Each structure stands twice: as structure tokens, then as C-alpha cells.
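Structure provided below as C-alpha cells; questions to follow.
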């Protein structure tokens, strides 16, 4: 599968996590469940440490929890590659749930498919379990606000 | 727009809310933010009472909160029209975010597009604000598990 | 379901069909299979007269034929409501196929969900058969190019 | 990105093309524009040789032509990996169009994300041009009919 390797990240995973904590406190409340673990040219890896709070009937990780990971994956891509403007927003997200995931570390492997001036398109493979099988896959679009010129 | 009016609900909104509270306690934790407000032939209305916990950077209701409402809307459709099997699961959900929504009551108008033996397809208009404008729209598919035969 | 009734179409169905014939001859080749039948505030109705050329294995109307109708429905919405700029393009389309459709007239009921400066979001119910049941449903986004200023 | 390498194809690209020609003559009419070029464990590559018939206003390859390639890619995946039952049908397809493609060979790289008894989920990267950049990406679901038992 093609990778947009020509892209260059402008922030590290640690810088992203600091930014998320500051601008999006609701994401993790008391516990740091969602975080960036790696940022690389053209993509990133994000992680959900799923516990009982993320489960649904049947004892498996809920759809909204996996959606949140998919959404955060795109947010980390856009923050790291287009600059730390917290006001980028999701305009579309399509997710397929394929296998049940149990509590534990769940990783989202994100790939930027297109980084334009006003839109970023990406996809994410969400893997879980000892054999890291794919439990969900999503494709999304973020709208990037026009760069604000700063005057002094 | 066509409506599947031939369908007949088998549970009321109150019965659904009791079921949700029992089988899916993680959904609302301490506060009953998500609930069914109406069930009618071929669809339902669900509500999120959005407060500061549902906001994202910019002070608007987050994508995951609206996704959860869209997902719950399908869950209420399948529970009310195909019977109270809590193990029905989302297999696909596509959501478009169109306008920002502020904290307050957010309603999801759900319509069953197809109710088959093993799959239900539905869409949902999510409206908010004083003028009830559409803030998001989603389409989803639920997988309905085979009916378990009871012996005894 | 909410309707964007405040929107005002700027072209009729006949004007749209003339425009399609001129700028998009590949659409219908020798036969006028795809056309606008009605344009109204906030939406439109498009039709495919499906014959043997539009069938797939099993003798039912093919997915690509229904996708084309869904795509054309959005194109007619954007042309009629945002002005006759033929260069608007689809950026995303999600389609669910729910029932088989046989050859014959197939209608797409389109609704504009959002008409912004650079993006239009819409959905479409595709109905067929004597009882006009829903055979497919799609949601799509069109990108509207910046208005070109003409100088003289 | 994870690959379902444990899967084993049961048909070659040539066998698939023969089957397509026989059961789906409408696909290519007089010209073999759409075809399988490779089948491998867990996926396939399909090709559209785009000419003037596949263009839309602006002189670029039309959305329906790329959708057809994405749909055929899933069809080749399901035929090659689940057996030659021509009656498998698409139930959902979500496609993002990211860059314009000119006439010429356009390749779809398909990957099976899940192959279950009754459903197959896959995604496809569609690449074009001298630098083979990604012009579109799609995710889809095929419904696989129950295996017919043959008696003799």
C-alpha cells in the first residue's frame, strides 16, 4: 500500500500528548486512556488502554470507544503534520467493526492519504489482542482552518 | 422521504431505557445523558443532554459524543423493532459532521431503512439549537445475532 | 426529517439536463438513461431508466449504476443550488445497498443537508419497483470550487 | 499495515477474468477496460484502462468509473478467496476521491480486512499517473450467499 512518505511531521508524540492534555481535557478525564505513541512521516500510532469503562454489553470494547480512537488518530495526524491548530475538526468518518476486542491495549495505525490546504484524509487500522488482529478500520476527513496571520 | 411504516415496535422508550441502564451501565455512568425519548413504527428519537463533559476544543459538542448518539439511535431501533437482544452490534457507521453544536439537548431522529433477519440499516438526523438545525447525519448497520431457541 | 427549505434553486430540471448533455456527454452516450426530473428548494429528484445495460449477475441493477444515480443526484443538487459550475467534484460518497432492483424507472430523492461556501453535503433515497421501496441510500459530499471573478 | 496473509486464494487472475466475461458481460461491453491483474493471499490488484469514455467534466476520470473499479476489486477478492459464486453482492461502499486522475492505466490495490462466512470487508487504494499517487481510497462490504449444497 502506498505511503505518503514525503510528508514531514512537525511535532513529536510527547508534544502532541501535552497539547491534547491542555486543549482537550475531556478526552481523558482522570485517566490517560487515549494517547499518541508514535509520530512518523505520513502517519502515527495512537493507543487506547481499554478498561471496564470502555466496554459494552457482551464485555467487549464499545463502538464509541473505538470511534474515539479513530478520531484521535486523525487529530494526531493533523496536529503533527499541519501544525498545532486545535480547531481542526472531523467532517466525515466511516468505520467498520470487524472483530470483538477485549480490554487491554488497542493500537491504531494511521496513514495520511491526502494532506491538502483545507482537508486531510486518512485511514486507520485498529488492532488488538495477543496476535494484533484487525478489530476495526476507519477512514476520515479533517477540515483544517485557514492559517491565521498574526500581527504584532 | 420513504418511511418503513409497516414495521411495528415491540418495546416502548421507557422499556428501552430500563434495558440500557441494566445491560449497558457504562453508557451513562452517573448521569443519564443518553436516552430514548420516543419509539414509533419504523424509527425512534434519542437524546443527548450535552454538558461540559461532551465538549471538545472550541467549546462545541465532540465528534465521539455525536457518534455515540448515532450509535445509540441504531441500538434503540434494533432493540425496539427486532427484540431485546443486547448482543446486536454495529458493523458499519458513517457520519458527517456539518455544523457545530453547543451544550444542551441534542436530538437524533432515526429511521429504519431495512430490517432483515441478520442486518438492520438505519439513518439518523442529529439536530440541535433553538432552531433545531441539522448538526450531523449518520448511516449505520447493525448485525442481529441468530435468534436463540429456548428449551426447557 | 428536517429539510433545508430556506434554500433556493437557481436552475430548473430542464436547464440542468441541457447542461449535463453539454458538459458531461459520457453520462448518457446514445441514450438519456440518467436525468433530473424535478428540482425543488433544498433538493431534487433524479431518475435512471434501467435497462439490460445496467444489470449485474443475477439480473438486478448493478451497484455502479445505482452509485452513478446517487452521484448525479448530488451533482444536480449542487448545480441547481450553487450555480452551474460543472467543475464541482465529489469528495466522499457512502452507499448502502439494501434490496435488489429490477430493470425499470429508478428514482433518487435527494436532500441537501448542508450547503456551505466550499462543501455541499446531501443524502439520497433510491426507490424502485411498483411499491417504490428503498433499494439503496447514499450520503455524499461535493467540493464547490471558489467562484471565479470575471473581469472584462 | 496488517495483512490477512493466512488467507488462500482459490482462483487465479486469469480464471477470474474468464468468469467476469461470462457472468458480467455488461462490465466491459466491447472493450476489456476492467480486469484482474493479480491475485495474492489476502488481496488482489485490479486495473481500469481509462479512456475518453471514463472521463467527466474537466477531463478527469469520473467518480462512477473509480467506484466501479473499487467495486470490482472487492468482487475479485470475494470470488478468488470465497469461491466463484457470482451472486455475492456489495452491501456497503464508502469512497474518498482525493486527486484527479487522467486517462491511462489506473490500479486498485485491494486488501481483505475480514473474510467471514457471510461477509467480507476490504479496502482498496486506487493509484494513477507516472508517480502512482493515490487518487481514491474505498472501503466496502460484500455479502456472501450461503453455500449451496450440490447433490448428484
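Note that the chains take the letters A, B, C and D in the order they are written out, and that residue 1 is the start of every chain.
We take it that contacts are C-beta pairs under 8 Å (C-beta built on N, C-alpha and C of every residue); 3 or more make two chains touch, one makes a residue touch a chain.
Nothing here was measured: the structure is a model prediction, and the numbers come from that model.
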item: Type of subunit C:subunit D copy interface by residue overlap (half), same or different; value: same
item: Maximum centroid distance from subunit A, chain identifier (CA atoms); value: C
item: Chain centre separation in whole Å, for subunit D relative to subunit C (CA means); value: 24
item: Whole-Å gap separating subunit A and subunit C, where each centre is the average of the chain's CA atoms; value: 33
item: Approximate Å spacing (C-alpha centroids) for the pair subunit B, subunit C; value: 28
item: Per-residue overlap in subunit B, given as positions that touch at least 2 other chains; value: 91-92, 94, 96, 98, 141
item: Residues on subunit A engaged by subunit D in the complex (per definition of touch); value: 1-2, 4, 94, 96, 98-99, 109, 111, 113-114, 121, 123, 125, 127, 132-134, 137, 139, 141
item: Residues of subunit B defined as touching subunit A within the complex; value: 23-24, 26, 29, 52-58, 62-64, 67-68, 71, 86-87, 89-98, 100
item: Contacting residues of subunit C [partner subunit A, same complex]; value: 91-92, 94, 118-119, 141
